[in-house]
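Heads up, the next two complexes both have subunit A, just with different partners, subunit B and then subunit C.
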Partner chain A sequence: MNRIEKIVKMIRKEEPEVLLRTEEEGQFPVLRVERDRVVPVLRLLRDDFGFESLMCETASDRGDRIDLIYHLFSTPHRETLVVKTVLSREKPQVETAEDVWKSANWYEREIFDLFGVEFIGHSDLVRILLPQDWVGHPLRKDYRPAPEYHGMKIEY
Partner chain B sequence: MVTTRSTLRTQEMLLNMGPHHPSTHGVLRLILRLDGEVVEEVFPDIGYLHRGIEKIGESLTYKQFIPYTDRVEYLASMNVNHLYCMAVEKLAGIEVPERAEYIRVIMTELNRIISHIIGCGALAMDLGAFTPFLYGVVEREKVNDLFEMTCGQRLTYNYMRIGGVSQDLPEGFVEKTYAFLEEMERRWDEINRLITENEIFVQRLADVAVLTEADALSYNITGPNLRASGVDWDLRRDMPYSVYDRFDFDVPIGKGERGTVGDCYDRYLMRVRETYESLKIVRQALDGLPEGEVQAKVSKVFKPPKGEVYMRAENPRGEMAVYIESDGSTKPSRIKFKTPSFNSLGVFNKICRGQMLSDLVAVIGSFDIVLPEVDR
Partner chain C sequence: MGLLEHKLPENVFFTKLDQLTMRWGLRNSLWYMLFATACCAIELMQTGMSRYDFDRFGMIPRATPRQSDLMIVAGTVTYKMALRIKRLYGQMPEPKYVISMGSCANCGGGFVHSYSVLNGVDKIIPVDVYVPGCPPRPEALMEGCMKLMEKIDQEPRLVRSAR
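Up next is the complex of A and B:
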């Protein structure tokens, strides 16, 4: 049994019915996890499988939904694992992973800023790249900038 | 009554450092909560240089986007070029000719050298040693000349292409690079004699803002800053990309030589030593430079298959990564740059508590933060 099978087996045991599906044909193995239980699964991966860093957390607007993508890395095992979950476009909400990895704090502020995803339990969920009074979330596919910002014309 | 530190009445103060401050290496604002000269909390306020590169990427074709990658980090444009091209090649399954791979390694390592020159020089300058920076810039100019010979640019190179590089090395490049390597080694020794063992310089950096191994991993600090905390990890050696598996080089690790493992001095020392290793790599790549093509066949209307890719590369400031989602059209549906300085800044509030205000300048310099890369 290879490691990814072990991981899947362990998750099925600890958190039954959370794992929706695994994809192994891409560059890295992908675990698709249900939104409500994504953080417990991430904590399990960190504690039991040595994924001690979160390389990247980002989102992607797929038109009908928002994908949230976590890239995990384990230095001792030299292994990358991708965890994905699906959020609704109307009210994207998910628990914060800040308590699992510290780096998630800023990643999630960026996702909140650019995609409007709300991270429940986040300690400091404010915009990070754009001004605090900016309107809209630019990396959404249907984003149209306001005509002006404090009297300055926004054109691009 | 004699006023001592314990009887001195102090008052908390909020202070803005930046956005325009000579030692913030770009436009960065740090909001500081101070107790006298002691830093209680640091809130980095970033985004002043946000250009929306990720959004721009969604409206350009894969090839059109390459010049924008230069602007993600202007001190190491070659490295970002390389990273982006590797990611797209992985996505589309393109084989790069061997000569092009060697040229890419030469360029990225030369870029690493000049980036570390600026990193170390700017750190020394922030702490009051002006000369090393100027000495370093003289060498940097020579590399800029080499790059100008090759691609016509001195800062934003736009040299690499999907499947290779834009043009072969010009005549005389190899000889001039050999000459540079020799001069640079001498000059780097000289700069080191000026500052690395200088007691005042060491005192300013040793034991300042210690980053522990556990924090470094949890905050995903990478590259020289991670190695300074004692983690033996270099992507070029441990998960080689391009042709890095063919070169012989050492990976310096922080040992706390003048203070604690993971202090500012260790972070500085990693850059000094890495520069020597990069010189070694460039020399080996020049020695083994094969003949042949420099560009693979890539169709004019380039459409990678549907899918996604996450590519990492060891850049001068740490591991940079790019995540691309392709929907099978000529334009990517999502491009995300994960940049090392973003994570480095994220750890500031953790490690700067209890430091003196004047040491903050050393911390910014030792992490070698470049703001366009943080803000994208």
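Up next is the complex of A and C:
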């Protein structure tokens, strides 16, 4: 039994009602978690499995859904784990991971800025890159910019 | 003029103001604003350092627009930055000049189809000299500055009308 299977087994023991799925895609093992339980699972991964670092938190617009992707890294085990969860495209909402890793603060602001995902419980959910009065979330597949910004024509 | 002329040593000469190059002082001390928006800034910094030595043209960086004669827009101008550039340009005292450095500031460059990048800084402020390149080498930037000096030389009047 490799370590990812061990991790899944342990999580099932701790949180029996969580829907989990492992995937073999790309470079790292992927753990798919249902949206409502993702933060407890992340906390478990941090506390019990040594994933003390959130390398990256990002999102991806898949057309019919938005995937939220966490890249975790464990220095003692030299190990990377990807946690994914699915959000609805119409009203993307998820609990913030800020209480688990402080570094999630800026990642989540960026995801809010570019994808419009609302992180419930986030301490300062405002745009981080684009101007505060910008309209829309540019990394959405159906994004069309406003015709102009403060009198400057947007040629897109 | 006749009376005074004979009382002074031989290396003093008299002329009328509009016969002298009016901006002789300005063109030899173009203080540029210490400001850049993207990677062209690296070349701008190199130009200011000892190898290319901007200082020999009397060009020294000023950290405030209120002491600057020249704005070198070095790099990509996003819509967010465009508002700041406009404000900084407004804070510079007349006479003021603008050099657009590199493809991005000239026309949008590689980001021309981006939703967040202004396609050319000349859409918001008047530009005197465009320096092409991505990024332009320090030689190219110095050439641009010398072109600006030539332009200043040709300005006939002491007071330039506000643009």
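The rule we apply is simple: the second predicted complex is superposed on the first by the 150 of 156 C-alpha atoms of A that agree within 3 Å, B and C clash if a C-alpha of one lies under 4 Å from a C-alpha of the other, contacts with A are read in each partner's own complex, and residues count from 1 in each chain.
Here, a contact is a pair of C-beta atoms (placed from the backbone, for glycine too) under 8 Å apart; a residue touches a chain by one contact, two chains touch by 3 or more.
A quick note: this is a predicted structure, and the numbers were derived from the prediction, not measured.
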- Query: Is this a clash or a fit when subunit B and subunit C both end up on subunit A?
  - Reply: fit
- Touch check for A:101: first (subunit B), second (subunit C), both, or neither? first
- Message: A:149 in the overlay: touching subunit B, subunit C, both, or neither? Say first, second, both or neither.
- Response: second
- Once the structures are superposed on A, label A:27 by its partner contacts, choosing first (subunit B), second (subunit C), both or neither. first
- Message: So if I put the vertex at the Cα centre of subunit A, how wide is the angle out to the Cα centres of subunit B and subunit C? Nearest 10 degrees is fine.
- Response: 40
- Note on the structure: Partner touching more residues of subunit A, subunit B vs subunit C, is chain B
- Task: Applying the touch criterion given at the start, work out whether A:58 contacts subunit B, subunit C, both or neither, answering first, second, both or neither.
- Result: first
- After superposition on the shared chain, which partner residues are touched by A:120: those of subunit B (first), subunit C (second), both, or neither? neither
- Please work out whether A:131 is in contact with subunit B alone, subunit C alone, both, or neither, and reply first, second, both or neither. both
- Message: So if I take every C-alpha atom in subunit B and every one in subunit C after superposing, what is the smallest distance between them in Å?
- Response: 5
- Common ground on subunit A, meaning residues reached by subunit C in one complex and by subunit B in the other: 130-131, 138
- Item | Complex contact set, residues of subunit A against subunit B | 26-28, 52-56, 58, 60-61, 69, 71, 75, 78, 80, 82, 101-103, 105-106, 114, 127-131, 138-139
- Message: Using the touch definition from the top, list the residues of subunit B that touch subunit A in their complex.
- Response: 46-47, 50, 52, 54-55, 90, 215, 217-220, 231, 233, 238-239, 307-310, 312, 319, 321, 323, 325, 333-334, 336, 338, 342-343, 345-347, 350, 375-376
- Task: Within their complex, state which residues of subunit C touch subunit A.
- Result: 79-80, 82-83, 112-116, 118-119, 123-124
- Query: Once bound in the complex, which stretches of subunit A touch subunit C?
  - Reply: 130-131, 138, 143, 145, 149-150, 152-156
